[in-house]
Structure formats: C-alpha cells, structure tokens
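Chain IDs A, B, C, D, E and F follow the sequence of writing; residue 1 opens each chain.
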Amino acid sequence: MPYVNIKVTNEGVTRQQKQRLVSGVNHLLKEVLNKDPKSTFVIIDEVELDNWGIGFDLVSDIRKSLD
Amino acid sequence: MPYVNIKVTNEGVTRQQKQRLVSGVNHLLKEVLNKDPKSTFVIIDEVELDNWGIGFDLVSDIRKSLD
Amino acid sequence: MPYVNIKVTNEGVTRQQKQRLVSGVNHLLKEVLNKDPKSTFVIIDEVELDNWGIGFDLVSDIRKSLD
Amino acid sequence: MPYVNIKVTNEGVTRQQKQRLVSGVNHLLKEVLNKDPKSTFVIIDEVELDNWGIGFDLVSDIRKSLD
Amino acid sequence: MPYVNIKVTNEGVTRQQKQRLVSGVNHLLKEVLNKDPKSTFVIIDEVELDNWGIGFDLVSDIRKSLD
Amino acid sequence: MPYVNIKVTNEGVTRQQKQRLVSGVNHLLKEVLNKDPKSTFVIIDEVELDNWGIGFDLVSDIRKSLD
C-alpha cells in the first residue's frame, strides 16, 4: 500500500542507485510498519537544478557559487 | 475545482489516449460529484521505468523479466 | 502501476461516492491503457475550503458569495 | 492554469494568512508569467509536526529542543 | 520548512522567470508566516500541453482553438 | 535537498515509527546519494482507509474482507 515519492536534483543518479533507493525504502517500510513490498510504489523524480529553489536562489546558482 | 494527477509509466501513451483519460475523468467527476469540468484540472505524469519501483524492483527490470 | 491522486474540496463526499470514483478511475485506466486494477492506487484528498484558493479568493469565500 | 501546492507545518495558520498566501501567489504568477488568476489553483496543506522530518529529526522534536 | 510546488505548462519559462518565482514565493512566506528562506524548498514542474487537461480538453487543443 | 513524501494508510503509525521512517530515509539518501540530512525533508501523509483505493475497492472494504 505505501506510496513513496522521492524528489532529488537531476545530477546523474545512476540506475543502480535508483535500485538501491527503491530497495532501501521497501526494507525500511517492511521493518518499521511491516508493509508488503509487493504493494509498495516508489517513484523517483529528478528535478532540473533550474527548477529547484532553496531560499531566494535556484540550486543551479547555489552550485555555481560553490565551484 | 477538482485536481487530478495521474501517474503512469512512460510507455508510449498516445495523445488520443491522454485525451480519453482527461475526458473520462471529467465525466466521472461530473457524474459522481457534479463537478464543473470548466474548473477541473487533470495532469498526467509519465514516469520512466527506471524511476518507478514496485517492491524491491525497478519496473524496467520487472518488464525485462516478463520478456 | 498507475497512481492517481484526486483532490476535491471537503464538502461531504460520501463513502459510496469515493467507491464510485475509485472504481470509475480503474475502469477508465483499464479501458484506455489496459492497466491492471490490482496494481492501481487511487488516493482521494479532501481539502478544506479555507485551504483551496482559486484566483485571489479562498473557496470558502467564493462559496459564501454564491449563497 | 497554474497549480500551486504549499505545504507548511500545522502551527495555527490563520484564515487571513491563507488568504494572503493565495492572493500573493496569484499576484506573483500574474506578474512573472502573466497567468490568469481565474484559472490558478492554490492548495495549502498543513502538516502535523510529527509528520514532517528534517534530517534525522521530527519537527516536533526540533521545536522542543528550541524551547 | 515550507515546501512549495508550482506546476505550469511547459511554454518557455525562462531561467530568470524561475528565479523570480522562487524569490517571490520566499518573500511571501517570510512576510506572511515569517518562514526562514534558508529552509524553504520551491520546486517548479513544467508540464507538457498534451499532459494537462482542463475540462474535457487537452491544453494543447485549447491553445490551438485560440490561434 | 531531497524531498521525500511517504503516504501510508491511517492505521495508528506511532510517533516512534515516524521517527524511524524519517531517520531511515535520511540514512538511505546519505548512503546512496551522499545527500546532506540537514537539507532533506520527509513528509508522512496518513490516508484514511476510505480514501485509498486499490483496484475497484476501497482499502476499508479490503480490510473488512480479510477480517
């Protein structure tokens, strides 16, 4: 039953990392709430740096300021 | 007033199918709750197979295992 | 696989109406995209009238202006 | 057309504040993107402090540690 | 703490406009609810015209009918 | 930066379990993507059984059928 949505910035998340996230979330829900993985959805959204703001800044600008 | 979000896997949903989904949802909301289609939003998200997990697996792997 | 989220105002949606919405959405997804109902989630959110704005107004005020 | 969802902690947001948020978002979208307020939805979700985590902590605990 | 999601149609929103939206939302939340910009997320989703329906129509068709 | 939304049915999730979910998600994101917990939001939504459908049925009915 659980539905989990993970939003991260679009910075090259690999397929293998997505697999680990999906698997990790399922283990967590099974362990904490005894949820059945067979009916657990996990959706990963990869958001462009220009489309995510923290405070007054776009993440793309925050990243540049750290370079 | 209703806002409806439909998330499906990105597997070639055609424009015509999107039209039928939008129209069908509006008919349903009109029929069941008498909602005014003019102020009903339907947003369709098409999610990559690598970005949708069911249980411990990515849908892309589930699809491969069925091929 | 589909995940559908329906947001409507909290104005007394009955259990039976929720059942019809869930069932209707599943029939629609089965018919248009041949999706398997067994793995289709529909979540209904009922939003307070003070928490939904259209344009510059809260729906609660819009409703009052129509009374 | 815009749909805006604002999630804040459930800490006594008044009706008048909700009105100002809805109105402010509409002015912003009108000014920046010339969007028509008549077809702009704003939905405010008030999330319990126990249901919002930042880092390893629930906001309820973060609040207590600041008291 | 606030999390704000802005969904607009994918019709060429510029980087500068995204910056103004993010900044404007932060000013609004600071002014109305005294929220700290440093922990305010704003995510902008740009939705294809074929993926957004109003009433029985896709926005892409609505746009064409206005041309 | 990550934003994670966990939707589960409203069936008595305890505060302690919410804490374990929030903490577990942060550990996972730190381990897999090296994300900074200080700027990771996790929001847990508890959905009424009448408001969650799987296939043609409300979860409340599914639960009853299993009693």
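FYI, contacts are C-beta pairs under 8 Å (C-beta built on N, C-alpha and C of every residue); 3 or more make two chains touch, one makes a residue touch a chain.
In this text, all values refer to a predicted model and were calculated from it rather than measured experimentally.
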item	value
Chain D and chain C - chains in contact with each	B, F
Reference chain F; chain at largest CA-centroid distance	E
Identified repeat of the C-D interface (over half of residue pairs identical), from D-E, D-F or A-C	D-F
Centre-of-Cα separation between chain D and chain B, whole angstrom	26
Rounded Å distance, chain B centre to chain F centre (Cα mean)	21
Junction residues of chain D - those touching two or more other chains	1, 3, 7, 21, 25, 39, 41, 43, 52, 54
Chain-level touch network, classified as line, ring, star, complete or other	other
Chain-to-chain touches, reported pairwise for every pair that qualifies	A-B, A-C, A-E, A-F, B-C, B-D, B-E, C-D, C-F, D-E, D-F, E-F
Sites on chain C touched by chain B in the complex	1-9, 13, 17, 20-21, 24-25, 28-29, 31-33, 35, 39, 52, 54, 59
Chain F residues within the chain C interface of the complex	7, 47, 50-58, 60-61
Contact set on chain D toward chain B in their complex	1, 3, 39, 41, 43
For the chain B and chain E complex, residues of the former touching the latter	15, 18-19, 21-23, 25-27, 37-38, 40-46
